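Think of it as A, B, C and D in the order they're written, each chain with its own count starting at 1.
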Amino acid sequence: PPYLDLDRLEARAREQLPASVYDYYAGGAETETTMAEAPASWRSWRLRPRVLRGTARVRLGTELLGTPVRTPIGIAPWAYQGMAHPDGELATARGAAARGALMTVSTSATHTLEEVAAAADGPQWFQLYRLHSNRHTDDLARRAGDAGYRALVLTVDVPLLGRRRRDLRHRFALPAGLRMANHPPEGDQPTLSDLATATWTFDDIARFGELSGLPVIVKGVLRGDDAARCVQAGASAVWVSTHGGRQVDPAIASAHALPEVVEAVGADVEIYADGGIRTGSDVLTALALGASAVFLGRPCVWGLATGGADGVAGVLAGLGEELTHTMALCGLDDVRSVPRDTITPAR
Amino acid sequence: PPYLDLDRLEARAREQLPASVYDYYAGGAETETTMAEAPASWRSWRLRPRVLRGTARVRLGTELLGTPVRTPIGIAPWAYQGMAHPDGELATARGAAARGALMTVSTSATHTLEEVAAAADGPQWFQLYRLHSNRHTDDLARRAGDAGYRALVLTVDVPLLGRRRRDLRHRFALPAGLRMANHPPEGDQPTLSDLATATWTFDDIARFGELSGLPVIVKGVLRGDDAARCVQAGASAVWVSTHGGRQVDPAIASAHALPEVVEAVGADVEIYADGGIRTGSDVLTALALGASAVFLGRPCVWGLATGGADGVAGVLAGLGEELTHTMALCGLDDVRSVPRDTITPAR
Amino acid sequence: PPYLDLDRLEARAREQLPASVYDYYAGGAETETTMAEAPASWRSWRLRPRVLRGTARVRLGTELLGTPVRTPIGIAPWAYQGMAHPDGELATARGAAARGALMTVSTSATHTLEEVAAAADGPQWFQLYRLHSNRHTDDLARRAGDAGYRALVLTVDVPLLGRRRRDLRHRFALPAGLRMANHPPEGDQPTLSDLATATWTFDDIARFGELSGLPVIVKGVLRGDDAARCVQAGASAVWVSTHGGRQVDPAIASAHALPEVVEAVGADVEIYADGGIRTGSDVLTALALGASAVFLGRPCVWGLATGGADGVAGVLAGLGEELTHTMALCGLDDVRSVPRDTITPAR
Amino acid sequence: PPYLDLDRLEARAREQLPASVYDYYAGGAETETTMAEAPASWRSWRLRPRVLRGTARVRLGTELLGTPVRTPIGIAPWAYQGMAHPDGELATARGAAARGALMTVSTSATHTLEEVAAAADGPQWFQLYRLHSNRHTDDLARRAGDAGYRALVLTVDVPLLGRRRRDLRHRFALPAGLRMANHPPEGDQPTLSDLATATWTFDDIARFGELSGLPVIVKGVLRGDDAARCVQAGASAVWVSTHGGRQVDPAIASAHALPEVVEAVGADVEIYADGGIRTGSDVLTALALGASAVFLGRPCVWGLATGGADGVAGVLAGLGEELTHTMALCGLDDVRSVPRDTITPAR
């Protein structure tokens, strides 16, 4: 149709993909409550348009940690993109670059971080997981700095994997023929002292900053107090996320956690949000609540699965158009200064 | 049936009209959230009837900007009435006049503003859009004054057209044989300086007042601060509206914006409201919230499509009867003084 | 079934009655919002049972305006009982007397007020409507006093009849063979001065008290300020009611109006409530909110239609049993002193 | 499936059991409102996970009234377990012991309290009902002390049995071949003075403590004031419960009553909760609200019916795994110190 129809896009992707792959992408943890609530939580706000402002042209461009982007809508890191399209992360990178959008590349990619960095010249961040030996993880951080990534995203909401019932049912595993390209060579095993430090702590923020030489973003924060501690510990930005409802369930929605994070650290650092962003007005709501940018997970999955790089670019373009249009109708012309009173709670 | 059944009226209209025309009339912007919520938002209030008041006869008559009307229920401006009935706006004008109701005539009419003014002797307002060259728009304002309209309604919620998915799907266009009667002659093009001033500003309120010699009403206001600025800028009245949910989506409902507009400017100017008004109790709720009058969009569309002038008059009569009845049962006898405490939030 | 199943009772009544009669009994005004919300509004409270109170026997008996009754659950006045059962009001009177419950007899009965008074020796109130000439209405009040009724119930929520769509569709009228037994002889017409005073005022309360020699109850009050004025004007009790959702729609529910009425006049007079009472816990909720008694409309209609006097008695017995049981489980033993904190808002 | 699927477990149990037995287990009182709301009420809270806490291993072990248990998820007392499985309470006891979980044994068991105590060496409490003569009831309390039970649970929400419509319809009775093992010999009848004291009072708490030599837990408390009186009267713990929605209906949900009980007595005694606990996050929510332990009713019924001791152990294991997982994802490692701010109201 002559507008972005995400439901239809998902339906088409579902037809093309094996059920276990579709479910891996589409599913969430436990009862999938948090996943289901995410889009609705953005829509628990209503817009309060301004009139007679003489607004001419809407500007979507902004800077994120000093990197110029053409849109505040970026691509969240998601794993195993080779299952969705033969070119996997390379296609996503090209789609993002075509729209001037930031792409976040997952540790669990099916191409190496250097390959994705080389695939397109758009701005990219590298997302780091604690999956392997400390040595290998440190190595990934250093390689990200070397490969030209603009920031390191520490995903902290996976001390262990969420219990995703669909995947447990399918006994999901990466299909044959695809590689975990950033995983260590077979022989590499966590040492005893690796296992002693079971998960990351706030100290790791500064450490990874030094290792990579990059600003560090902490992804997966849902509390104001945690956000403040991240900033004290050296984080350049905080990314409010429930990991697409794939980890804690039923966790508070990003849209409901965002205000307390903004209140706790708003003046000091950039704040991003993701989870259930599906329309231009969802984006505008997040910006009004204090986010500098938002990120898309599943919408880009369906774009990639159905159209490769073009599919990804199409999703970004469609949502960008909705955002532009809605801002113009609301008398706003700059994503960098969306007033808080643009929104009011729905009743 | 022996009472006004709007659902049935709409169903009959739907049967008669081409799908693309029905959808043009019935549809809203984006996900149609605002449109869907409009009727429900009036019904988020409950009535608190008064007893033993000896109420005898209910008076619906009032004055709007000095013009006497027999009912506080007017007809909102809506475009392309020729698609609904061969007589288009002329029939609506006759239906309105038959009931002593105010009619607002759209710029996007299929008869010229002079033709509609001449069609009936009921009170009329002219609604102005910023669609053309400044010269032509100014000209429409002057002609409205000359043609005997009682006020000029500036619709300010269309800096650009809302994204109505139904219309995008149908690639909706005015059917052959119908003319945009108030549009300029083919040759007229916006000048470069027209385009420089992309949308109206508060200054245009006074300017159009002078051009037309008429009181100016600003239609499409949803915020108290905007309403106050309109009044400061010379508006005689403010019309709270979401444009039937056809522009910003999801915008705050008129019923929820009305109280803050009343609070901001209530004492100084008249306030009107529209959007989802479907019953006499909806009207009473709007009056209790501080509106001096309400306006109907789609109900009159269905009336016109199914019954021409009589259909329009029938809708006005039906709602008027419901309003009279409900007021009498609530111990109220005058639409000009409905106490605020007639209503309480539904639970 | 071995418990009171009101849904089943209504279904059976529906099978037996002509559609227009069933709809007359079952229906409400306008969109039937108030009617539909009534039962739900009592259930917007939850019970907070007390334990270890050593409660032995629950007493349902109380006094209403000095008249002893065996249960706080009375029968509301409802019209045209002859359509439901050949014995009409006489059967209802017998059913009520069998359970020691108060019966309120409607002006619109199909037996004269004297006939109903003579039909059983249970306590009865007479409900007065303003339907006829002042002379005839005054006469009814006097006759009620003479016939042994214990109080006069002025129904003040019918300055004119609610618009009940089902009845309008059926063009409902009293079936042939039934008489409006309390109506004046054919010749009696309202005089010009009757028509001048279109509805009752607060002054009529004292006037009817004197005419009848009975305490006066005002039925149909939904506001605290109105309740206070009724008491000042001489009312002995106030009856909170939406007339079963048959008059103003959408009016505030009785359950939501009751607290403000109690707050306004609680200490001074007795307060009753009706509308949507369907379970023993609904009754207990009303008592906790400050009602001295509750009244049943439709449940008794279905009881009468399906079982005559026994059917009515069965409904009263069934609800009484539920009330007894629930009170015992809540550690309460006396309907005359149900603490307010027995309930808390549902969430 | 490779995770605990309680809906499926219940469906399988339903297939195996006679309808009247299934309904006895599954049903609640009156309109089953309280029963239906119980699971939803725990889910009216959302989790606020903590990140970067370096959490290593989650410990589920705790002490309840001084008795060590391996999990804060215990088994609530439920009657007539012989209908679900030939080994009845003995199987449940073995399943509980296998997981180190506390089992509460009902007075209405199909094996004597001594038999159940001997069936497994896990920690057990005995639940006392007031069903018989005072002499027999006192005797049960003494026998519980002698048999090695660690505490006596006085169930105080059954001054009389709730009206369970399903059971009334089935005319439910214990199937032939099963015995009420803790009931008195046939000849034992309540004396006149037994009947005079119709239900227990607060004084019975201390009395039963002395008779049994055990700490006394009061089960079925839903109010803060009642909880405080229980503690003053000598209770060692308070168990917040609606009896699975089988007594008062519509009673406040345990999840909504728990906070006021914690507020009233939290510092002084242990508090437990049950009713609608179905997921690990429900357990975590209860702990965050101040409970020291939670108890399962129906989930264990379905476990026993479908798998005997193993079925019971499987339910305990499944929920324990969910709790462990959710706690780890929330950055928590000890069930004995779950901070209140782990949860926030859902919106």
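Here is the rule we go by: contacts are C-beta pairs under 8 Å (C-beta built on N, C-alpha and C of every residue); 3 or more make two chains touch, one makes a residue touch a chain.
Only a predicted model underlies this, so the values are computations on that prediction, with no experimental measurement involved.
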| item | value |
| --- | --- |
| Label of the chain whose CA centroid is most distant from the centroid of chain C | A |
| Interface sides of chain A and chain B: same vs different residues, half threshold | different |
| Whole-Å separation of chain centres (CA-atom averages), chain A against chain C | 61 |
| Where chain B and chain C are represented by their mean Cα positions, the distance between them in whole Å | 43 |
| Of all residues in chain A, the ones touching two or more other chains | none |
| Touching chain combinations (by label order) | A-B, A-D, B-C, C-D |
| Residue numbers on chain B that touch chain A, as the complex places them | 30-31, 33-34, 41, 44, 156-157, 159-160, 162-163, 165, 168-169, 171, 197-202, 204-205, 218, 220-223, 226, 229-230, 247-253, 256-257 |
| Chain C-touching residues of chain B, taken from the complex the two chains share | 1-3, 43, 46-57, 279-281, 322, 325-326, 328-331, 344, 346-347 |
